[in-house]
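Presented below is the structure to which this report refers.
Naming follows writing order (A, B and C), and every chain is counted from residue 1.
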Amino acid sequence: MSILTRSIPKLLAIWLLLCAIPMAVPTLLMAQDDAAAETAEVSDGDAELKAGYDDLVSAQGDYAYAFDFFSLSMVWTVISAALVFIMHLGFATLESGLTRSKNTVNILFKNVFIISIGLITYALLGFNTHYPGDNWMIEGWLGIGGPIGDLNADGGNTFGYGGVALCMTGYGDFIFQAMFAATAATIVSGAVAERINLLGFMIYSTLLVGFAYPWVGSWHWGGGWLSGLGGGDAAFKDFAGSTVVHAFGGFAALAAVMVLGPRKGKYVDGKIKPIPGHNMPLATIGVFLLFLGWFGFNGGSVLSADPTALGLVVTTTALAAAAGALASIVTSYLMLKSADLSMALNGILAGLVGITAGADVVLPWMAVLIGVIAGVLVVFSILLFDKIGIDDPVGAVSVHGVCGIWGTIATALFQIPDSGVSLVSQIIGVVAVCVTAFLFSFILSIILKTVGLWRVSEEDEQVGLDISEHGQEAYPDFGRQTAH
Amino acid sequence: MSILTRSIPKLLAIWLLLCAIPMAVPTLLMAQDDAAAETAEVSDGDAELKAGYDDLVSAQGDYAYAFDFFSLSMVWTVISAALVFIMHLGFATLESGLTRSKNTVNILFKNVFIISIGLITYALLGFNTHYPGDNWMIEGWLGIGGPIGDLNADGGNTFGYGGVALCMTGYGDFIFQAMFAATAATIVSGAVAERINLLGFMIYSTLLVGFAYPWVGSWHWGGGWLSGLGGGDAAFKDFAGSTVVHAFGGFAALAAVMVLGPRKGKYVDGKIKPIPGHNMPLATIGVFLLFLGWFGFNGGSVLSADPTALGLVVTTTALAAAAGALASIVTSYLMLKSADLSMALNGILAGLVGITAGADVVLPWMAVLIGVIAGVLVVFSILLFDKIGIDDPVGAVSVHGVCGIWGTIATALFQIPDSGVSLVSQIIGVVAVCVTAFLFSFILSIILKTVGLWRVSEEDEQVGLDISEHGQEAYPDFGRQTAH
Amino acid sequence: MSILTRSIPKLLAIWLLLCAIPMAVPTLLMAQDDAAAETAEVSDGDAELKAGYDDLVSAQGDYAYAFDFFSLSMVWTVISAALVFIMHLGFATLESGLTRSKNTVNILFKNVFIISIGLITYALLGFNTHYPGDNWMIEGWLGIGGPIGDLNADGGNTFGYGGVALCMTGYGDFIFQAMFAATAATIVSGAVAERINLLGFMIYSTLLVGFAYPWVGSWHWGGGWLSGLGGGDAAFKDFAGSTVVHAFGGFAALAAVMVLGPRKGKYVDGKIKPIPGHNMPLATIGVFLLFLGWFGFNGGSVLSADPTALGLVVTTTALAAAAGALASIVTSYLMLKSADLSMALNGILAGLVGITAGADVVLPWMAVLIGVIAGVLVVFSILLFDKIGIDDPVGAVSVHGVCGIWGTIATALFQIPDSGVSLVSQIIGVVAVCVTAFLFSFILSIILKTVGLWRVSEEDEQVGLDISEHGQEAYPDFGRQTAH
């Protein structure tokens, strides 16, 4: 039995302490007047949004139209939430497929925990971060919301929910965003697999999804400072989250892995020893489910059933994924002299992450190019990180971190003319989010390491986390699997 | 080769006999005048429904609106049917993951059979049970419908299909309900796994989904006596079927297991010996697919695309699932001193079953509490049933039976003020459904046991049902798996 | 290492050569005047379609209605595309489940490649095949389109996209059709599994999805000669592709297998030796995902959210699948004296393929009969092909080829009265498509065989394609799996 069994009583105290630190630090660093200026801009943004929607309604001439389109958008949002939900199964199967069978129960358990804690903390803290009046915050920079109440109360089926014009009810907005929230922690889960302390990871992921993700996300989606760059005219553009979800998760993962160190047996006598995944059908199921879920991740981010935007977004998303796979197949063939399934799978994900920032402002051929470059990048990045001693079993830092950055920059390079994406704002946004994610994760990892909750013992790692943390095997009927 | 290979000729005769008995018994027990009184109430209920819908249509001022909303509701219903369909894959993978590899083919085969026979018998017998004039029935108590005809014939695209106002065509109504119908038998499938006779189970599940489920369901959903309790004002409230689907299946499973007895090797010398599932990724895939399917199971039960209800329902459903998982993790940690993946998975299902009765009349915090209590209950219930000799390999009785009851009662305890749910009616409904399910299943199991079609021989159980019933292994390339 | 590692430089040259040959041959065989006559008919057909849609719009009296219904149809189309996408995971898991573990990585890799190359080539060549003016073609007979441009440019959200009236934008049309396109090659993938050369298959599938499938499909769906049979009044009827997708794929597979020959060890000393699939849960997951995907494959082929058609289509589809499974279970029990899971799974697919041609013009009882006959046919067909030396590891020729033909013929036999399906046209269509698919595949296979790119060496086959083609095992932790 690991440290988990001895440490459960410390949990609450550590948690509260950890919550207080990151909330206090940036507060001190910020000027109140900056924040006040942002507040005004935010309100302007909301007003514009609302006016735009009112125009749309009146242009159609009747409420009946608007109600139907509203209901349709709501149905699409709920379906998108279901599709993003299934990405969590995709991550669970991909991560367990690409690691060893002795750590399978552990990975599955972590993923069950993440989606559960993600939904609950988002209801308790995260969601209201984005809505003025319902939260304790320095407008545009830092916020902690209270628990959600009855989101149908102030007109669930009208267009003015929470002061923001949306083509969905408050609950529709909540469920879609809640499914997003847990994604960041899931990305980290794969990178730290096979040697992380379970309790430590549970604390880490709770803070990441309950606090850090909605905090950083609010800079962009909550009407925060990133959405106000250049007076809003040259705002940071990140359609569905190449940066605020994927690069955020990827750089949090990088810091976590750096503090954690590589798996035993990965670097022996200065040589890199590959540790193959134990179940390639499982990994493939994972990637296909992630691809499926991306129909909702990007398609749902249209935030309505607007047919013009929706068709473009799902087309660019699918083409980037396909292009990413083909590019990774060719690149890894040239680099490794073999037709590498893992790289092909990572190529799909690279294309998907890459297109996420600009899916609604690029044409099909641009999407193909973005995917191709992402598919090449991910192979080099995985090989590079492997070489410099960053042991990331599933390639999460490369797929989500590197390709997330690429996608965000690419949106400025490849946009449909006059889409108004500014390269400068993209760079500012990427740097701000990645640095914050890295630092938050680094400090939290160091703290957890200090209190002995970050890495399991050598013996536990050798025997596998399934036995040491859970007392359970993933495949007991198949005898003891090859240890390596 | 088991009894299956020698018994196929007896199938039709037994089936016909078994169909006749349960249909005759309750008929004799019922007073005709009671039924007549109910009939009037049912018609009133239908008229009210229809009037309400007509009001909605005229309130919007034009047919165009209504047709669009109708079409949208139809699309949502079809998608919900697809989501409920995928729950059958969820059950198949969960049940095979949580049992031994030597019985895997058998479990998969049973699940393929159940969805197939479920769809066909529902078309032949079940669906028309719910519609006056198309069936042979004592109105409100007992019905056997005839086969479905052309459900588009009497206005598939109008609002008055079958005398009941619905936001979908007759085929939409059929396909959604047909996907539900097979669920009850699937619940039993897991509980009786690893020792049930295949032919016996095929007969049992055919009668359960073709006759017993629509019969009991018609009390509530077909305008039967449960929907008329208290003159309809304090009717039994079971939104999507905590009781009429899940507790029904759970108590049928309990009776089936009691007649069947525990697996060999489960209780040795008065000690309980755990029999671990052979493939935890498979079990996890199952639970995530069930969670996904529940978006349609509960969301589709709104029976329209009403955005206000839909948003609330999917939010309460997801939060209850998440809360159930966290509660089961904590509870099982405290009870068993380990981070138990199986219990975490059962916690998700417990929360989902628990919220199913009241998903449309509770607020988020109520859903969280319902889920938490379900997640605690399911752990205690599984340990208790294990202790008293009820060997339920997947915990189906606890998940569906116990948490189904809890959810139905909880709806009265936690409802949004003025939702009008009566605790007395809830208790009446739960008792009526669970007792009927138990007795139906008990009598049927005894009959099948008597004719030698209920449990396989000791040798067949030892060698595994895959070889003895199917002559096929699930994983032939991996050598003979550890026998235990 | 196989020939792949030595042959990559030849790829482009061979590819270009192969593209040129099949494009030139049929051109020479066709009379230009025939084609010209067809062109006029095509335009008439388009005009009728457009007029019909305009009537629908004006009948509803306002644009607002039409826009909402348009948006709803678009959402349904996107969801259908996502469902058809997941069929590719279904094929990947079914095919790897039904073959040996030593070839699993290879099958997964092929399926990742097919969906990727399918999407890209459809964007580059396939899609515009169907639209006059955007392609290089002999109207109605043969076409190669150029790459897609901005499909929103000429009114993405209006009803006249590309001169054809559709209830979806150009991108919606593209993404749905693109997901279809890769299906044909996937069907072949299963039949040639366990001994095909990887590079050869990559070339083969690229040409099949990028050129042959859209070419043949354009006869029917692109307003080509099959849609003009009998002056259009007795046109070939193939609702969602029993023939132009499934029989096409099945007969291409037949030719490929005939050139390829059986697997080593399948036929020994004149006896047939069964080679069991290595992972039955994986195969079952595959079939359930295919069933799920068929909601979109057939449901999406309504090409709008028309509630009357949609409800009928999903109901007939599900009932045929269920009936097919039950028929296969009974048939294989009578033939093989065992409850055969593989046959039950193939029965589901047989029913689905069988109903695909006529899902919108048959009643429920007709769908059940079509499914039953398909379920019987598939068992006999699989046993027959096995006997005559056609080694098709997953039964693809029987499921897709034989049942595809059956479904197309059955549509004429079972149609709702006055649906106007002509038995003669059905036979003409089936023969034309199957012969073309067979010949195209046969010639291409012969060419690839001649250049040494069709079958792996005996040693590579013995050791398995995972090691020989990919240098990677699917399940490395489970030790070396039983070789056979």
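Following the convention adopted for this analysis, a contact is a pair of C-beta atoms (placed from the backbone, for glycine too) under 8 Å apart; a residue touches a chain by one contact, two chains touch by 3 or more.
Computed from a predicted structure; not experimentally measured.
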| item | value |
| --- | --- |
| Relative orientation of copies chain A and chain B, as a Cα rotation angle in degrees, nearest 5 | 120 |
| Self-contact between copies chain B and chain C, residue sets same or different by half | different |
| Centroid spacing, where centroids are CA-atom means, of chain B and chain C in whole angstrom | 35 |
| Residues of chain C engaged with two or more neighbouring chains | 64-65, 68, 72, 75, 79, 279, 285, 475, 478 |
| For the chain B and chain C complex, residues of the former touching the latter | 1, 4-5, 8, 64-65, 67-68, 70-72, 74-75, 78-79, 81-82, 85-86, 88-89, 92-93, 96-97, 104-105, 108-109, 111-113, 115-120, 123, 147-152, 156-157, 168-172, 174-175, 178, 198, 279, 282, 285, 469-479 |
| Touching residues on chain B, where the partner in the complex is chain A | 60-62, 64-65, 68-69, 72, 75-76, 79, 83, 100-102, 276-281, 284-285, 287-289, 291-292, 295, 299, 305-308, 310-312, 314-315, 318-319, 321-323, 325-326, 329, 333, 337-342, 344-345, 348, 363-365, 368, 416, 475, 478, 481-482, 484 |
